[in-house]
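Note that subunit A is present in both complexes that follow, paired respectively with subunit B and with subunit C.
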Partner chain A sequence: MSVGAAVERRVGGSQVRRSAAKYAAVVRTQLAHGLAYPGDLIMRSLTILIFMWVFIHLWRSTYAATGQTSVRGLTLNNTLWYLVLAESITLSKPRVATAIAQAVRDGSVAYQLSKPYSFLGYQAAVTVGDALVRGAVTVLLGGALVAVMVGPPPSMLGWPPAFAAVIAGWLIDFCMATLIGLMAFVVEDVAAFEWIYSKLILVLGGVLLPLDFLPDGFRRVAEALPFAYTTWAPARLFVSPDPALFVRLFGIQLAWLAGLALLVAIVHRQCTARLAVNGG
Partner chain B sequence: MAGKRAAMAGEAVTGGALARLWRRVRAAFRSVRVETRFLLALWRVNLLSALEYRTAFISQVVGMMLNNAAFLVFWALFFERFPSVGGWGMPDMLQLFGMTATGFGLGVVLFGNALNLADIIADNGLDAYLALPRPVLLHVLAGKSRLSGWGDIATGVLCFALTADPGAAAWGRYAVAALASMTVFVSFLVVVASLTFGIGGASALSAQAIHAMLAFATYPLTIFDGTAKLMLMTVIPAAFIGAVPAEFVRGYSDRSLLQILAAAGVSLALAVVLFHRGLRRYESGGMAVSAG
Partner chain C sequence: MPAIVVDNLRKTFTAKRKSAGLAGSLKAMVRPDRTTVEAVQGLSFRMDDGELLGFIGPNGAGKSTTIKILTGILYPTSGTAEVLGFVPWRERRKLAYHIGTVFGQRSQLWPHLPAIDTLALFGKIYELDHRTVRRRIALLSEAFEITHLLETPVRKLSLGQRMRCEVAASLLHQPRLILLDEPSIGLDPVAKQRIRDMIIRMNAEEGVGVLLTSHDAGDIEALCKRVIIVNHGQIVYDDRVSALKRRYLTVKDVGVRFVEPIAGDVDIPGAEVVKVGGGGYGLKLRFDTTVTPAAELLAHIGALGGVEDVTISDPSLEDVIRVIYEQAAAGEAIRPADSSWPSVEPEGSEGAP
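Moving on to the complex of A and B:
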């Protein structure tokens, strides 16, 4: 091993560390920003109580009508805790596509590109930071309601894997939303694409209904698409803390994340090549 | 003689009171006629301005119909696995969803500012309306029309056409129920927004109220227990936006007609009274520039 290669590796390693510290600082800033107005944060998170209250009544009636304690491997308690996490993941994520499209339209993207950080890395860190604050409050509120009205949450052993899957899910969602936002370089208004995407997440992502309850053919299609790994996978892991299931679902999440991140990087490079900045 | 004079004086007094009452009734009718003409003119202007940008109009209508379709897909998938919930099946859900969509759609098309009335009050936006010689509440509510509401109306009509018995009587019931549903929905938003006069910014509360109203109105009433049902008929009158009008459309009954008319009347009266009481506390922010 040459001395030069060792020095190069050390320099490379310290650059990665510096870079990670930079984005971790962005996440921390967003956390502090989110917690600065607790009243506002709680007020915006109250929606989960409305949804969960309706879901508790709906699924109690549904399970009572079937006369079974478990449907497709999910008990009433599992289904409602699944929905707490699925709804929290969806309600807490920021509107990335809108923010990026706005930055492209009003030209502020040029200002952000000149900063000493990656535009996409910065946006991803902001997304995770914002979502973490709101997600925590939303889960606490929704979870408290379900705990009181239905029963305790699933085993705590499943929480760390589920947390990792939630972060991966937000990042997969971030990649898809970024692709939509970057379309603003080509089309003026991306609202329609963002809207279609949100509906796909709603149905194929398992936000309203666990994919396990779908007809088999439909479920297989949904599981083969990335939408399921933004919401269904983390929520399913939360209620079924099984190591084998975690390895399978988290592995698929990482594969989708790698593929989508590569695609985002390529599209971003092509879009910024088209960018013309005038003035100062 | 004295008795006769007293009787004549009494008749004169009664006649005077009747004349005054008649004058008041005539003035009220004239006022209703004038304001109706004003309202129709506002709606016409809103529609013409929507049609000016035809592509945007069509895309919003189609977009909202697809949005609603996503929820109907959810219910179709749900009933595929669970054929009945609280005695409800897919046709009942279509009727419920259709009624809620029609009531909501009519509300945001005809009184589009109801959705952001709390913001208008908090941002001193009423100044522009107070300076004009028209009823403030009516003017501010109808000052804007939301194009996407046409998509909701179209979804509602489609759901009704797919599930209801054909015939003029059914369409008549549908029209009455939709108007009652719209009245309850808009009145509820006015009541919530009127809290802004007292507590300041009620925008977040108003947004949550809209979420709650739509969430509760699009689920079968039979899944809720007694206390929850009572709440959905009083505090958050979602039952009178979806389930009760839908029941009236399914089959005429004096009881359900009385229920939807009473709910519409009471909520409208409450909205008008609370808004005007609140308006007395309103302080101008010097924003009397334009109304729209």
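Moving on to the complex of A and C:
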């Protein structure tokens, strides 16, 4: 068979639509990639069961000690479902900073830069695809434990706003982690920065406990920083599916996302100009 | 229009240096010592549309750096380059629609998925419509003999099978030019030959230009009509492969087996005796055809005794290239000197010592 025939022209539509189709395809491929080994996927997600087991006993005792059914507007059921989502968001996100730093160090960034897409857009799509697979399994496992031991989620209405906020939260996290990963262009090892970042997310992002439980001054500081919008905002929207709260928190998420994406684009531009790919 | 035009291209990197030991580490923390590495030093060359061009050099010669500049991955320090009319580092994404890349030591295929999934993804990335993707996959699967491999997870393929899929993936969008950076690295001779045959076929049938770097002289010999040799970031040779042979393969190796042992020291004018062996039955010589005509040499050999078998062979292209590297490194004129030729076993010299 001859292979001499010319390729027919490209798909039509606007540039935005064509770009969206590209990154959607990357997300789909990453979803398939994540599902390639379901046994391995489930085993890695079992950590959530240990975490939630500890949290269930811890918060049951705490609520019992206070003698109240609601603390700062959150019942025991709210708090534990908040934690299911917060822990799932954190456990399921890939280690973006490490992956980017590794790609820069070992030279595999060369392949990703030689295709007609944005390197950062591609990485973001891979991140969302990867996190979606792991997140779904983690929420199912953690949610099943809490549903059995504590009760069903407070409202099914919380799923749609939480889903949108989780995606925005992963993208905010992606931007901050990418900034750390891009430091590999300057420093030898980004592990220390990644460690500090993960601890900031743990405390200021609301992974350890809902920011609502922090002292007022500390809470206000935490809510003014981007870390809160990676985890606290989506988990809070899940247990309090209030339209006004969604507009406020999702709006802040989009504002942080726009600002951070711009910053990442500027830093990335500077970094690629000084890129020294290994093997060259 | 030429596919590639490069003019006085330079790329320098800054690298850290550290003295040995704890003291060196402490000193590097306070006052890091930096050194500038000139990876590419004023390269200039052209490549025609549809040409098969070899681009070779020893490790650290600057060839991969040049390829990465030409794909838009690296910015040059100075100089100009155009690939298919695009300035790569300014128009990387536009250029990417028209070129394909294969980096032999990296993979562009998703390891846990079958290659067909990556090909489908590339169809989206290159904005091809469904019909075109299906047709291209069918054509390339047949050409690269990978139809039966497309649904196997990539990590379960052998290196040779994976490389065929890698090259096929790089051709999905029917690029005008592919840049192959050591595509045959680690492959066995049969797998290498299959890849070479397929590249030649794609060049002939689709007119795709090929810029190839390789440490395997066999790749260059089999694929390329022209070769550029770089060393220390500079071009030390730019001509046809056949000219390389003509110019440098003037030295021949000769293996002789005599009917009876030859006695005494052997002295043949214009030839270097490499070895007398096999109990005096065997003789290995090396001579330069520009100094000693072959007929004259054979006459001298015949005078030594009855000849049972004689073989005359060229040093391999690999040896030629090695000598060029060594001469370039020593700053010598690029011309083989008899004394610097490596010792090689003449091909087809069974029966000779």
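We adopt the following convention: the second predicted complex is superposed on the first by the 262 of 280 C-alpha atoms of A that agree within 3 Å, B and C clash if a C-alpha of one lies under 4 Å from a C-alpha of the other, contacts with A are read in each partner's own complex, and residues count from 1 in each chain.
In the analysis below, contacts are C-beta pairs under 8 Å (C-beta built on N, C-alpha and C of every residue); 3 or more make two chains touch, one makes a residue touch a chain.
Keep in mind that what you see is a predicted model, and the values were worked out from it rather than measured.
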First, second, both or neither for A:Leu262, with subunit B first and subunit C second: neither
Contacts of A:Ala192 with subunit B and subunit C, given as first, second, both or neither: first
Partner chain(s) touched by A:Ala224 [first = subunit B, second = subunit C, both, neither]: neither
Subunit B versus subunit C as contact partner of A:Ser114, first or second or both or neither: second
Which of subunit B and subunit C A:Thr272 touches, first, second, both or neither: second
Contacts of A:Ala21 with subunit B and subunit C, given as first, second, both or neither: second
Touched subunit A residues, subunit B compared with subunit C: C
Overlap of subunit C and subunit B interfaces on subunit A (superposed complexes): none
Complex interface listing, subunit A residues touching subunit C: 1-11, 18, 21-22, 25-26, 29, 32-33, 36-37, 107-111, 113-118, 272-277, 279-280
Complex contact set, residues of subunit A against subunit B: 40, 43-44, 46-47, 50-51, 54, 57-58, 60-62, 65-66, 71, 192, 195-196, 199, 202-203, 208-209, 213-215, 218
Subunit A-touching residues of subunit C, taken from the complex the two chains share: 13, 39, 62, 64-65, 68, 71-75, 92-94, 96-97, 99, 101, 103, 105-108, 110, 112-113, 117-118, 120-122, 124-129, 131-132, 135-136, 138-140, 142-143, 153, 173-174, 201-202, 205-206
In the complex with subunit A, residue positions of subunit B that touch it: 59, 63, 66-67, 70, 73-74, 77-78, 80-82, 84-86, 204-205, 208, 211-212, 215-216, 219, 222-225, 228
